[in-house]
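Multiple structures follow.
Look at the two complexes coming up: subunit A is in both, with subunit B in one and subunit C in the other.
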Partner chain A sequence: MPDAQELESYIRQKFAENVGLSVAELFSDDLTLAALITRSERMTNSVDLMEAFARTSNGLRKEYGLRVRLPALSLDTPVSKVLEVFMAEVSNPGRQSA
Partner chain B sequence: MSIQAGSLEQDLEDGPSSTPGAQAQEGRPAIMAELYEAITQRGLSLVDLAWEQQRLHESRRWSVMEMLAAVDFERLGEADRHLVWNAGRAELTTKPGADRLERLADAECRRWQEKDPTVAAIMQACGTWSRYWNEEEAHHETAFNRLSTVMRLEPITDATFIEFRKVFPDDDMLRTLTLLAISEVVAAVDYGQCSQRVEDPGLRALFKQVAADEIQHMNYFIAFAKALVDSGGYQAKEAFAVAHLFLRDGGEVHGSKRERVESRDTHVNWWDQLEHRDGFEVPESLRKKEQLIFHALKRITGITVTSRESVEDTWMDLVGC
Partner chain C sequence: MGLGHDLQAISELEDARSLLEPDVFFTAAELAYFEHSASPKQSLAAGFSAKEALFKALPAMEDWFWTDAELVHDARHAPRFQFHGALAERLSREGWQVAVSLSHSGGFVSTVVLVTRAPSP
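And then the complex of A and B:
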């Protein structure tokens, strides 16, 4: 089982990759999801955002065997909160049976 | 209502339709459910497709004035009036939807013209049909809002009217068509429920007529979406993404009943604007809406799903990592 730091690092990297921004740009400014969509050239709307969450979740499943289902998040949610939600999900033993 | 495909197949087997008397050989007007195949295998032109659209539109036309004349205003209770008022406001958002579809479809047509003429033709057929959609939705909007006016319900201000006419931002065309198909599913089920709740036969007939129109529109959106998937130019994952957007926990299918409705300044989603007042039942039928969405996904993509979870799982598989 990977430690929390490794998982957090993976989620940050994977999510940044999927939205088309750098990890620093995404998390240093703690962008909201609405700001993220505006700043990313790859994203048009919240469906693209959902897909970025899904790809990150699929990556966790493939790399670590962890299954994450994400709730709907409002567009004023900061990415730090997204990270929290992901970490809470991967820390839930019930989720670790992909 | 039931939509049958195939009238034009018979027409083509019988020869060109431009000959005198050809009209007598034409079958029942129908939506071209296998649009990609009709263009690529049977060589139908945009003129042929527009004719089929016109025939169906003409066969379904109805009069708002005649329908309203059959409503007995004295028989309408507070709950009925609330349903009418909500419907009138909701229908205001359809015109910008249709205007946008026409513009987006034409832009997409030009973009595809050199790369894939079949996709360009599908886009142009969709943009052409949007004129009928727009006209039919005008019937819905004016019928309900006229009823609201005559019954002296809370007026819709010009500011609200203009706010509800905001045009949706552009998006991928398959996502757009799937969203419109699902929006029609939700509307059709809601109006079907309304028709069962009201007692006045005239108002019941109006709700039934509008519900039937919405089902017809849903079938058109599904046909265009399926043609895009059949063409290979668009990926099934986009249809599943939109279905998941509606069906997920706290998703769009719950409309204004959601704990948190996204605040937007770009456009108005009609399902976010329905007002639920104390003591009045509101249409819902979530199970029926889900079933129709699953069926739409099957028709658009060929993939069978039977639960909200399987929509999410399928979408995540299609997305990959």
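And then the complex of A and C:
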């Protein structure tokens, strides 16, 4: 089982990769979801946003056998909150994938 | 009372393959319904749109997941939500009822969700 630091680093990297921004750009400024969509050239709407988060979730399942549900959050939510929810999901033993 | 409307282009869901993984955004039962419908992409877009409209209709609340709001259909294919987890508990505690209406036309899906408080007994 990977430790929390490894998982957090993986999630940060995959978030950034899937939305088309650097880790620094995404997390140093703690962008809101609305700002993220505006700044990313790859994203135009909430379908793109959910697809990017779902890709991260699917990566966690394939790499670590962990299943993450996507949270329902408003567009003024900072990305650090999304990271927090993902970390809570992967820390929950009940979320381990069969 | 809360009212939410969403207009969704079906084409925007065409490349959304990661959303098809069960229990991430949709439940396994929702995905099975979409797959077996006459137009799977249209049905998928309707599911996405319904959840977006629900989000707009509900008062601000944290700690619920998209899979907590499961879109189901009766024998006549009329949609309604079946709630789970923290969202189900909150709706029950507050005595809220949720109605949903879906419509398709010209490559778009339109959804309206109405949240009302159940009348006191």
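In this text, the second predicted complex is superposed on the first by the 97 of 98 C-alpha atoms of A that agree within 3 Å, B and C clash if a C-alpha of one lies under 4 Å from a C-alpha of the other, contacts with A are read in each partner's own complex, and residues count from 1 in each chain.
Operating definition for what follows: contacts are C-beta pairs under 8 Å (C-beta built on N, C-alpha and C of every residue); 3 or more make two chains touch, one makes a residue touch a chain.
Being a predicted model, the structure only gives us computed values, none of them experimental.
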Which superposed partner A:Ser57 touches (first subunit B, second subunit C, both, neither): both
First, second, both or neither for A:Val47, with subunit B first and subunit C second: both
First (subunit B), second (subunit C), both or neither touched by A:Leu75: first
Subunit A positions touched by subunit B in one structure and by subunit C in the second: 45-47, 50-51, 54-55, 57-58, 61, 69, 71-72, 74
Touch list for subunit B against partner subunit A, complex: 169-172, 175, 237-238, 241-242, 244-245, 248-251, 260, 262, 312, 315-316, 319-321
Contacting residues of subunit A [partner subunit C, same complex]: 45-47, 50-51, 54-55, 57-58, 61, 67-74
Residues of subunit C defined as touching subunit A within the complex: 8, 12-13, 15-19, 21, 23-25, 48, 51-52, 55, 60, 62-69
Parts of subunit A lying in touch with subunit B, wherever the complex brings them together: 14, 44-47, 50-51, 54-59, 61-62, 69, 71-72, 74-75
